[in-house]
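In what comes next, chain A is part of two complexes: it sits with chain B in the first one and with chain C in the second one.
For the complex of A and B:
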């Protein structure tokens, strides 16, 4: 299965911000609506995997990751999102588990 | 060989001569003749003992340097965290600065734990997780905002600035105290290890 690749640092910002657009620049909500969701839909359409690389930024707030990835799962369900999405995080390995946790928890909430 | 070592060796040699010449031990016979093979044997034993001591001293010194390096890194993280806490106590902090600080702490602490492991300082997986989980709670208290914020939310973000309630500041301070204790335990373990 081919894959599409998103690098948060290169395709969005090296300084990811808070949860919502109204709270400040480069929010998780903005990342989800402008980059993650369109690329996710393209990947589904083209039957590809979507790899999101979290390295190269100054760091992530938990809210950013929850809103971006948990938010995507609230729209499309955790099972579908997890089937397509792969997280790469070598600088802070625990983000991989965290993101998976947010996706699963979002599923339980919705 | 150091000057003090030479003085000590000469001193012992002189004492040996004096003891042999002037002191008569009851029931003991001190021979006035020395076998050349025994001199060689004694000499080589002395050199060997000297080298062993030197090697052990060098190993000890190298370990001290490694431990001092780790301790300086632990103190560096502590100082940086204390600076962050000082800013948080003002009730507000730049969001990007807070987030990036936690990434730096995480990387630095993991590096300390990795080096400690490399130089065989016994830090258990449980102790490592205790520090990293404590840092995670510290980070979440400082940067996590729930999906729906109540009117009297302890944390709010406006224009990339995080504002904390007094209660949240106390919670963050308590969490930092906890983490600082774990870092102190790590400091002691490195020092004794």
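For the complex of A and C:
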């Protein structure tokens, strides 16, 4: 299966911010709506995997990751998102666990 | 006019003389400010008295309320007295009364006190409430305050009421904002890393600490409202010891007051009953330890915990991404490195955090 690749640092911002747009710049909500969701839908349509690389940024707030990835799972279900999405994080490996947990618990209140 | 007064030589002499006088006037003005002396009566109104001066204390006695700063002005070393100091000023602020902060007897100023002083000063001046003060006699304390930009800010008549403030002077950067400012975190980390590692580095753990602290203020500092309160962040670099000191404060309701006022639709509503059965605790100091270890979240939601809010900050400390973390909120003081959680006699309305970044901390 071919894959599409997103790098948060290169395609969005080196300084990802809070959860919601109203809370500050480069939010998880903005990343999901402008980049992650369109690329996810393209990947589904083209029957490809979607690889999201979290390396290269200054760092993440938990709520950014929750809103971006958990938010995507709230729309399209955790199973579907996990089937398409692969998270790459070599610098901070615990991000992968965090994102997986946020996707799995997406229907719970964050 | 005499002929020599038109000569170039005379004009040069006259210019030099006026510059000398201007310098002298400026030096004298500085002297008056430093010594807290001001001219009481204008020379024009009282021509007989060429230099009528009066101590500012007695002159302003009736219009300013004097608040004396603690001798050891450090939130983490002397929390009780600093909380009393803040409370007195908060009372004046709420009543819109003029404040005179006496720093004269301060012998030790910690970096964490700088963010407290600057934030209080700007809060007063942004609401157009007069705020004044004197200076520590102790040379080290005076010099540290001077480097923070405090004295410069003191001379500002007023600050414009704004969502954002910035005081940058020498090695001390102080920022205030209501929103979460991730680019600011990146910028500060870059500057800190140049001091510590002589290179531009990334510290994702430190950035998480900054973001979680800002989010905590934005989301929880005011009951029922978001983005109402400012957070204040001060970063001080120490090239000699290759360290950077961060101090963060908000004057919101604090962790426990916020927790006790959760609305019925919030996941933490009824948290006490859920937690006390699983993890008994006797007071807020023990409760803070449970919160930082993620036990509150785990008990309330029934799920394991990953990184959000204060526990996320503690996790960054546990991963060696920051050092020497202290937290003061409401009536609790926590020195995380020493696992010291204790109750305070005086209650601080807000949340205060301070930590360090040093050579041993994680970076990329």
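Note that the second predicted complex is superposed on the first by the 106 of 110 C-alpha atoms of A that agree within 3 Å, B and C clash if a C-alpha of one lies under 4 Å from a C-alpha of the other, contacts with A are read in each partner's own complex, and residues count from 1 in each chain.
Just so we're on the same page, contacts are C-beta pairs under 8 Å (C-beta built on N, C-alpha and C of every residue); 3 or more make two chains touch, one makes a residue touch a chain.
Worth saying up front: this structure is predicted, and the values here are computed from it rather than measured.
S.K.: Mind working out whether A:105 is in touch with chain B, chain C, both or neither, as first, second, both or neither?
M.R.: In the superposed model, A:105 contacts chain C only, not chain B.
S.K.: Contact-wise, after the overlay, does A:60 reach chain B, chain C, both or neither (first, second, both, neither)?
M.R.: both
S.K.: Give one of first, second, both or neither to describe whether A:97 is in contact with chain B, with chain C, with both, or with none.
M.R.: Only chain C is touched by A:97; chain B is not.
S.K.: Is it chain B or chain C that touches the larger share of residues in chain A?
M.R.: Higher number of touched chain A residues: C.
S.K.: Just chain B (first), just chain C (second), both, or neither: which does A:69 touch?
M.R.: neither
S.K.: Which partner does A:31 reach: the first (chain B), the second (chain C), both, or neither?
M.R.: In the superposition, A:31 contacts neither chain B nor chain C.
S.K.: Per the contact definition in the header, classify A:17: touching chain B only (first), chain C only (second), both, or neither.
M.R.: A:17 sits against chain B and chain C alike.
S.K.: Indicate the residue numbers of chain A shared between its chain B interface and its chain C interface, in ascending order.
M.R.: Shared contact residues on chain A (touching chain B in one complex, chain C in the other): 15-19, 23-25, 58-63, 66, 91-92.
S.K.: For the complex, which residues does chain B have touching chain A?
M.R.: 95-96, 98-104, 106-107, 132, 136, 139-140, 143-145, 147, 157-161
S.K.: In the complex formed with chain C, which residues of chain A make contact?
M.R.: These residues of chain A touch chain C: 13-19, 22-26, 57-64, 66, 91-92, 97-98, 101-102, 105, 108-109.
S.K.: Please give the residue numbers of chain C that touch chain A in the complex, ascending.
M.R.: Of all residues in chain C, those touching chain A are 179-183, 185-186, 189, 202-208, 211-212, 214-215, 218-219, 226-227, 267, 301, 303-304, 306-309, 312, 364.
S.K.: Once bound in the complex, which stretches of chain A touch chain B?
M.R.: 15-19, 23-25, 58-63, 66-67, 91-92, 94
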